[in-house]
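Two complexes, one shared chain (chain A), two partners (chain B, chain C).
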Partner chain A sequence: MNESVFAFMDEDAKKEIRRTLLKAVAIPGYTVPFASREMPVARGWGTGGLQITLSLLLKRDCIKVIDQGCDGSVNAVNIRDFIASVSGVKQTFSTREATIIQTRHRIPEHKLAEGQILVFQVPYPEVLTTVEPDTEKQKQMHADSDYSKLWVLLYEDTSQFGDSRISNRYPVEVEDHYVMDPSPIPKYDIPRLNNSPALLLFGAGREKRIYAIPPYTKVEPLKFSDRPFKVETFAGKRCGRCGADNVFLDEVRQGTTSLYFCSDTEYCDSILTEQGDVTGNTESE
Partner chain B sequence: MSYVAIKGGIEAIKSSKELFRRLLQGTEPMAAKDVSRRFPFACDRIMAEGALYSEKLAARAMLRSGGDLLEAAFYLRAHRSTCRRLGEAEPVAGGELRLLRRISSAFKDIEGGQILGPSCDYVIRLFRSRLQQEKSSPVTGEADPIYSPSAVESLRQRDQVLVLGNREKSPFDVTRSFPLPPYPRSALMQVMARGESGSMLAFAYTSMRGYGDVHPTIGDLRIGMAEICFAHPFTGGKVKIGEIRATFCETVGSFQRDPRDGRLRLSTGFGFCLGHNETRAISMSILDLAMHHRGYSVGGMDIAANPEIVIHHIDGIESMGFTNHFKLPHYVTFQADLHVYENARKESDE
Partner chain C sequence: MLLEIQNLSKVYGVSCGECLDLTGVADDSCICPVCDSVVAMNRVSLSLDGKEVLGIVGESGSGKSTLLQLIYQDQCPDNGRIFYNGFCDRHGVPLNIFEASVSECSVLRNKEMSMIYQNPRMGLNYLFSAGGNIAEKIIGAGERSYEVVRNRVIELMGRLELPTSRVDNYPDTFSGGQQQRIQIAKALSSSPKLLLLDEPTTGLDLSVQAKLLDLIKELQKEMGFAMIIVSHDLGVINHLTDVTMVMKHGCLVEYGLTDQILEDPQQPYTQLLVSSIL
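And now, the complex of A and B:
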């Protein structure tokens, strides 16, 4: 490898990905195929997100990487170290300070701002896979806006279990047109995709697709009009560390009892800092 | 080429074997022990697919086959046929593994802790990289052996796991008789424990990628050492006869209606193999999950959920043998094929 290449990939590869991104932004929710390069981390570990991040990086960027909401999670640390080592850009845990945030399975709790980019790592870019595995048929169904099989699945689940059995990767309709897979974020994060001031980019390295939700786009979960969309609630539970009760919590089981902590560790740290608890032992580290 | 050449096979075979031997001649002889140390994953794969736990024989097989892992596993399988079956060892529970590594992707923090142990998961795969020039840091580990129950236990304690019914008094042994459908789960387990890693990975991947509906969460994945105990033939008491390296994986799937009481419970899959091979153990647990919890499969093309497909097609020794048998002379059958073809063509041309 030529160590002097900024951000690992050759300039042509980055340009190709940026062009794919432009198309994706122009057709919100549509999955655009791209020639996914081999990354030095394994497929399925965030190579799609990584390629987007690397192709967008500028020297002045400030990068944050989270996995399950946590900056200190092993995969997040590994990817952030890699990005920093090949580009030399500034790293941060702070959601507010970051210009590009690469994420797996969460949207940060702090509201994102205009100008920020959130890059999602995506295992299954095709929302129809669950009901139709054949790629050619999927393409036709998208062209016809034929999402009847998803509606049938939703109906079958609702009739048997009172609600959809989909816990994450909940299908969303983008700007009244394409239905897309929002990556495995919990239902809690689904309403937070709607009307986002930040640019949301989605990269699936193994499946070789890129898609996007531009800022201030309408994003709605697929649901029957007479059924409410129920997100995970943690009624009566609060973070055992910072006390937050309005966030997504991780459950830690000890025998038959459970403790709860903020899934977004940087949010947790920032609450503690505001409360004046400066122990220095931040969860993120 | 004439028939004479074909009949002159004895000399040709002798020379061919000699050429193969020469092909594998190294600059220096390599000790089997060195092979075990340098290539533990190759040796573990040979033991698992060869269905025989012997580090020494695996290393020898590796040398004998020039690193062709299937061929090496074949040596162990052949050797097995010379060994008597003495009986069944005592079952080993996952919680009894002396842990080298143990992770759960289901829960952030688990009883006993996440133990990364030795793993190449977070290695940046570049020949030259600044990241790989990390100074070796001293590993501070607990000297005491670590044992811990599976992280799936917390779900079991809350009665959240669907337990499959079991009518088998003792595990099936496919090496003594091959079952007819419906295949006992233990027979499927045994075939998978001996299955070819790549085949199992491919079938499991069909299920997780699109042709099936298994999107599992790894409840507990562990590698460690398991003590093997056997009932003493005279005293009947439990005796430790050795220790094996093993990989254990429990995955959690979607919830299902439990046929026992109609309540909803989570389905789980189990994978286990001799030696360290995480990809293989995860693949096995996914196949187990797919085959025994078919309720919500969509599309009707879920081949990984079909025990008939899995049980007959994942054995590497069998599929490799049959694939290579096409190199044998087929003069007679091909002659017959040609006759049929020529007649048909004559008929069709007219």
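And now, the complex of A and C:
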């Protein structure tokens, strides 16, 4: 490996990924194969997202990395440090300041803006594997926009449990054609994919797939017309640090009681800062 | 006219180009002597009216299943055309279903026609519940209201005399006859205009067969769909059909009103068939 190359990968490799990204952007929600390369992190630890990030990086970029909403977790720190060390770009915790945000399992609470790029790390890019193991048939089903087998799962869950049992990786339909796996984000984040001003990119390193949702694209969860799409609610609960009650909360068990904290740690910090309390401990679980 | 089949041929194997002429009833074979290809369908033409019930009889390997699969677009022909009433291109010109795109054909497969396979394993998904199997076709036809789907599933199960309390159970937990009824409920869920049945009662107990055939006949009268039913049982043909075609080695041997075919067959092969089975 040539350590002197900007952003770790050679220009040809980056170019190939950018070409794949262009195709993905041109066909929203369609998974495009790419030649996933070895990265200095194990496959399954965000190598797909990492390759996208590195291929897009410019010297003027400012990078943020979160793992389940947290900038400070070991995985997020390692990936962010690596990106900074091979490119020299600025690092940040601030959602607003970042130009590229690489994420696992969450969309930041602060609304993203035009020009920003959110890169999702994806473990399982193929939404149809649960209902159709044959990859040739999967391709045909995507081409025909034939997702009735996914609908049957929804029908069966609704019949037996009153609602879909899918808690994360909820299938979404993009621009009325392709149905895709949004990566393991909670249902809370699903409506936030719709009409996003930011470019959303998805990378699966192990499965060698890239897909995209361009800015201002229609994204809707698969749901029956006479059934509501229910997201996680935290009725009456608020963050134990900043007091926010309109965000996705993580539950932390302490003995017999439960404490709740913002899953997005930077959002939590920014609320505290606004309140003038800058002494708040930034490392909540 | 609901269905118009013109000069349909299907060869399995790499054809030498002469297969169609070198095989057939006169040659007493469907295997080409030059290239060993199997001629499963040899220049068959046929038409079917709406609400008409057509029976197909013939020995095993004569091409009966192939014909149904071609109509249902499970297979592609080597030659020939099929026109379906109202199936046109965007200028209103009738469109050969084999020249249409997959998405253009999906309305034929999801709404206009339904296939019932001899083995319910071909027609049902055993990872889905009985209700889920029926729902799949209703959803495939475009329905997106849960209540509408659910009510239609239960209504169809009731109509097929299946226990509606078991709507969420899996096909494996039903008897063979019941699994065939689930397949029929699924097939009828889109209110098709043409039902294709490939030996739907073969393998079932005789008493179960009789009941199922009566039910199919009743449903056909009530819902008014046309039907093509393959059977090697002339009793079934006699009981259900208006017209009958006799097949041998991929060729159409004789075609006519069922009564006439069974009582006064013209072709020697049909005469043999009728006398040996009845």
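Quick note on the criterion: the second predicted complex is superposed on the first by the 281 of 285 C-alpha atoms of A that agree within 3 Å, B and C clash if a C-alpha of one lies under 4 Å from a C-alpha of the other, contacts with A are read in each partner's own complex, and residues count from 1 in each chain.
Methods note: a residue touches a chain if its C-beta (ideal position, glycine included) is under 8 Å from a C-beta of that chain, and two chains touch if they have at least 3 such contacts.
These figures come from a predicted structure and were not determined experimentally.
Asks: A:Thr158 contacts which: chain B (first), chain C (second), both, neither?
Replies: Only chain C is touched by A:Thr158; chain B is not.
Asks: If you stack the two complexes on chain A, which partner ends up touching A:Asp144: first (chain B), second (chain C), both, or neither?
Replies: It touches chain C, and chain B stays clear.
Asks: Look at A:Ser85 in the shared chain and tell me whether it touches chain B only, chain C only, both, or neither; answer first, second, both or neither.
Replies: Only chain B; A:Ser85 stays clear of chain C.
Asks: Counting only touches as set out at the top, which of chain B and chain C does A:Arg227 meet: first, second, both, neither?
Replies: Second partner only, chain C.
Asks: Look at the residues of chain A and decide whether chain B or chain C touches more of them.
Replies: Counting contacted residues of chain A, the larger count belongs to B.
Asks: When the two structures are overlaid on chain A, which partner does A:Pro133 contact: first (chain B), second (chain C), both, or neither?
Replies: First partner only, chain B.
Asks: Touching chain B and also chain C: which chain A residues?
Replies: Of chain A, residues 131 contact chain B in one complex and chain C in the other.
Asks: Along chain C, where are the residues that touch chain A in the complex?
Replies: Touch list, chain C to chain A: 102-103, 106, 125, 127-129, 131-133, 135-137, 139-140, 144-150, 167-168.
Asks: Which stretch or stretches of chain A touch chain B in the complex?
Replies: 1, 3, 40-42, 68, 70, 74-75, 78, 81-82, 85, 126, 129-133, 153, 161, 165, 250-256, 261
Asks: Would you tell me which residues of chain B are touching chain A in their complex?
Replies: 107-111, 116, 121-122, 124-131, 154, 157-158, 209-211, 213, 254-255, 264, 296, 298-299, 301
Asks: Which of the residues in chain A end up touching chain C in this complex?
Replies: Touch list, chain A to chain C: 131, 140, 143-146, 148-149, 151-152, 155-156, 158-160, 224-227.
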